[in-house]
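Can you keep this structure in mind? I'll have questions shortly.
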Amino acid sequence: MLILMASDHTKKQLADVLARVRKLRLKPHVIPGKNSVAVGITGNSGALDKTLFEALPGVREAVRVTRPYKLAGRDFKHGDTVVPVGPYDIGGRGLIVIAGPCAVESEEQLIRIARAVKKAGAQMLRGGAFKPRTSPYAFQGLGKQGLKLLAAAKKETGLPIVTEVLDQRSLDDVAEYADVLQVGARNMQNFALLKDLGKLRKPVMLKRGLSATLDEWLMSAEYLLSEGNDKLFLCERGIRAFSDHARNTLDLNVVPAVKELSHLPIIVDPSHATGVRARVAPMARAAVAAGAHGLMIEVHDRPDQALCDGPQALHPDDFAVLMRDLAAIGAAVGRDMAEPKFGRQ
Amino acid sequence: MLILMASDHTKKQLADVLARVRKLRLKPHVIPGKNSVAVGITGNSGALDKTLFEALPGVREAVRVTRPYKLAGRDFKHGDTVVPVGPYDIGGRGLIVIAGPCAVESEEQLIRIARAVKKAGAQMLRGGAFKPRTSPYAFQGLGKQGLKLLAAAKKETGLPIVTEVLDQRSLDDVAEYADVLQVGARNMQNFALLKDLGKLRKPVMLKRGLSATLDEWLMSAEYLLSEGNDKLFLCERGIRAFSDHARNTLDLNVVPAVKELSHLPIIVDPSHATGVRARVAPMARAAVAAGAHGLMIEVHDRPDQALCDGPQALHPDDFAVLMRDLAAIGAAVGRDMAEPKFGRQ
Amino acid sequence: MLILMASDHTKKQLADVLARVRKLRLKPHVIPGKNSVAVGITGNSGALDKTLFEALPGVREAVRVTRPYKLAGRDFKHGDTVVPVGPYDIGGRGLIVIAGPCAVESEEQLIRIARAVKKAGAQMLRGGAFKPRTSPYAFQGLGKQGLKLLAAAKKETGLPIVTEVLDQRSLDDVAEYADVLQVGARNMQNFALLKDLGKLRKPVMLKRGLSATLDEWLMSAEYLLSEGNDKLFLCERGIRAFSDHARNTLDLNVVPAVKELSHLPIIVDPSHATGVRARVAPMARAAVAAGAHGLMIEVHDRPDQALCDGPQALHPDDFAVLMRDLAAIGAAVGRDMAEPKFGRQ
Amino acid sequence: MLILMASDHTKKQLADVLARVRKLRLKPHVIPGKNSVAVGITGNSGALDKTLFEALPGVREAVRVTRPYKLAGRDFKHGDTVVPVGPYDIGGRGLIVIAGPCAVESEEQLIRIARAVKKAGAQMLRGGAFKPRTSPYAFQGLGKQGLKLLAAAKKETGLPIVTEVLDQRSLDDVAEYADVLQVGARNMQNFALLKDLGKLRKPVMLKRGLSATLDEWLMSAEYLLSEGNDKLFLCERGIRAFSDHARNTLDLNVVPAVKELSHLPIIVDPSHATGVRARVAPMARAAVAAGAHGLMIEVHDRPDQALCDGPQALHPDDFAVLMRDLAAIGAAVGRDMAEPKFGRQ
């Protein structure tokens, strides 16, 4: 932590800052500048609260020299985290593609699409049983019945299931059926839910909030890690900026940034990031070229009848073409499509 | 709803759009343009899902002619909503100021500050018992014990209590002690929590999410209203933009926008919006000048010892000066400081 | 300047950083941390270029301890700058209101509106002769003919003229007729134009760019100040954020921030910030309550016939009401409407 | 154009809207809705000014059915624009890589780097002679002397020259030496400069402004096209959002969006978009995978001595590795590295 004093600070104010540092059993280092003075602090074992110092008179700003997260950062763990899900590893050399409909609508719909994405090479099946919707009047998902249909699709195809958990009340149900519990963008800072998920011993996929900085995202990961759940991977799905040519602004540059700062795997969701079918494939290809460990893609064979987000769903035929393109781009950046550890069923 | 066809749409695609409109028992109106065609839709009783049409081939975009919310809008209710809280009304001519510490820290701290803000003229007491924190290592609040201290402060001063509800598990406890349940920015789209609050019959203050559009905010209000709870008011607390001179960007222009589009009262939180003590008073004055129904302001008598957000807390003396300024500005825009309906105690 | 080393930096890399600091004839101060090391730098007389250090291997980040601007900051000049324009001072205790049409359209239109705003109490007249337009097909202003009409309106009413300069070619013409040369948001970082304006000895109003940080804005001011023109004031006119309920997001919190960091006066343009007539008055009142030194407001007596930005123009009658409200709010924050130094004409 | 009436509009207001439409010799189509009424307009040959209608009482909003640009859009020109530059075409099947230092520093530096990027396969040389700098105290470029050094490097290597034009005064000089004139992000809406460039008959590269929407970008292109210069291509270089893990937020999703809406070629600048060397290669690869026609990349063989933006410059060896990766990814998306039309020299 570095304390920057205001240019018009008094000697008394500087002395108070030094006293507070010493009271915390830390060591202050005064660095005189032309217009002002800075105070470096050493000796702390974890992140310090900036407001402990910014509240003092004469202090202009407190600047962190170390990052606020600990368990999520590479200082803590140098190797890469690999999250095993069924016969696959997320975070290794193999590319993982999670595909399926936005929402579970019926048994026929789900199994039809599950078979199609499996045939095209997807490793996991997605499908929402509990849906977060901006409008209270929009389709909210089939709920527990949807979870049972996901189980049926898993039985039929062998694909592990990725599905969203919306709240604490439905957590036990979702945990019973899901192979990976998805935390949606709107829940990235639902700290109560994060703590509960930290106590689970099941894989969790943490989506980035619409306006979350990288530090905030990793701090939310820290909530799970500090509770003991390290079966965790991240998913970039677009942020909110001024730009209006797409639903969200896909921040692919966060992929190398996450890989530099954290040991956690990161995948990309080009469907929600673009909101438009024609742009899903270019952004999926770009995500693999940028180094993502995988993708989550919405696929629907009758998108004009979909109860949710039809315009962004790929048709299974287009998805199959995309999977071949992804394999070619993967090869160019040293990655293969992941194969099941125990052989293809 | 208006459907804009792509410039290269086919006759068949236009016919399919018209067929879908009719299948929904609505009426299409074709409007030919120079480069393309638009289709107006009439006959719907509520908001239509844009994706029902955007998923069809040949459709460029669907544009809403009416707003997506219904109960939150002025088309539904022309008069202004007034929310009674103890002896005060929020949403009427009287200005309401909710003041107190960021977090409840101890009985002495809370009662000392509660007396100070009452003396300066505040109508309600704020104080967090359950605190949402970006870091799992930061002070998370005293929990249920904090609620009991708030009750003690209410008994001592008569001030109604405004405190945050973080999750479904603690909802019953918070509802037992709070006069107003606060939904924080990070929970604005925690739809499960909103539904539960909609079933309560207690006043709720809904803060705007960091990256929420006005439509999204009013749709979250719609979740409560559609469940039957209309004791609801809004709180602007700053949005996230590129700007880095303050913690958030206070969007005061949303105050007249809310008052134009909705019947719900709106107050402003200049403390979280600025994050810096010296800017709280200017923004509080500006909020009243912009037409806000009230304010929520953090006050602490020992801000350098505060366990949370000390740098943005006003000292009680400065708060008292601000209250006098607010009364003067209120007078200039036709508002008085609210007086208790049954007389000062 | 403070250099933060990467957590995996080598001894050699640290030594290279220290060597570079010394080569610049500055003094390094090593500050050891738990996970890494920081190096404080002292001895520099001006701002250092961060990239001089960030390019070195093993460096994570360079953090400025002092601000990048010098002449625009309060470290350089403690008192407030006051810019004299005709019989008025901008930056003193008196509120300045610059009012008039978006564009000069004809002699009758301009003189009619000039008389109306003068009667309502405005101190200066605005009107665009050269208009920056997003579309090449939109009305681009009357050009030099517009400048002559502004001169006629000044002769008629005595109001000093504020008008925009768009480029270097028309600079001499604009400088001949204008009392204040306005730099528009899109030109805030047109450094060639700023240098030319720095060599003038006429007052300049520098609008904030749509996505300019406060530091960038003050650095643009620094371009003028470093060339010797200190007859300079700033104008906040709304920034670009995700929010879509208004044309721009008015950042009123920048008003106290500018006053804290800089000695330059700051006014607010609520017309461009909102883009909607009904919200101009609330934001104008809020700006004065926030401490702005003045306002720039678009007024048109036939807004539905205006060639530019009619929807945001106030009718003269509404402007007159607003002027009375502003006087009342000004009184509440210790400001009067500015009176001419040599008496009303 | 579609006019949405306010829900409380009067019959008189609607009649006035219809009258105005007819006065413009256009045809109104009334579309009744549940809560309000919309009016479709047909018969216009170009884009209508929304403010012509939004200024009328009772009008809530005017919505464009057709895009505001004309010459830049695909409705005007269905095939793709190809811009010939020396022996290369920008906008065809071949990938174009423009590489070189941020700023021209000396003849040795420039020729050394020019040879290195040519050897690695770059098709064109970049180098700034006139540099836009946020600070007046930063290196502003060698000016005309820099242009002469670029000419020397072209003579030496045969690489066409891409360099920035900052203002109208230096336009003739830059046009004499440059094969492509670059308009920087800060000048994207310098309309006076755009008009002058529209009268040139030399290729222009138009960078996207930091906060420019896609429509605004294409409207700036329209300024050049409407003056007659169609030797034009676009360059995405990152936008400004809240995100702070990189200098800018690279908006790769704009690549398919531009290709859908416009016939103009689009390349990507990953150096300015990231600001950090380690992330340039991932974003360069992603841009090609997303379908960009080319790249602009900063290369410096002594980045720690660079006078400008050293931290984002690739070393020639790393650039050579990247070029091989780009060729592999290009192959996966059906593109080759462009070869000179008349054979390698």
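Residue numbering begins at 1 within each chain, and the chains themselves are lettered A, B, C and D in the order written.
The definition used in the following text is that a residue touches a chain if its C-beta (ideal position, glycine included) is under 8 Å from a C-beta of that chain, and two chains touch if they have at least 3 such contacts.
None of the values given here were measured: they were computed from a predicted structure.
Under the contact definition, chain B and chain C share the contacting chains A, D. Relative to the C-alpha centre of chain C, the farthest chain centre belongs to A.
Taking A-C and A-D together, the pair of chains sharing more C-beta contacts is A-D. A separation of 27 Å divides the Cα centre of chain C from that of chain D. Centroid to centroid, with C-alpha atoms defining each point, chain A and chain C lie 39 Å apart. Note on chain placement: the centre of chain A and the centre of chain D lie 31 Å apart, centres being C-alpha means.
Looking at chain D, one finds that residues 211, 240-242 touch two or more other chains.
Residue ranges on chain D touching chain C, taken from their complex, read 46-47, 49, 51-52, 54-57, 68-69, 132-138, 166-170, 186-187, 189-193, 195, 210-211, 216, 219, 222-223, 226-227, 240, 303-304, 306, 308-311, 313. Touching chain D in their complex are the following residues of chain B: 2, 4, 7, 29, 31-36, 38, 40, 42-45, 63, 65-66, 74-75, 240-242. Residue ranges on chain D touching chain A, taken from their complex, read 211, 213-215, 239, 241-246, 249-257, 260, 273-274, 278-279, 282-283, 285-291, 325, 328-329, 331-333.
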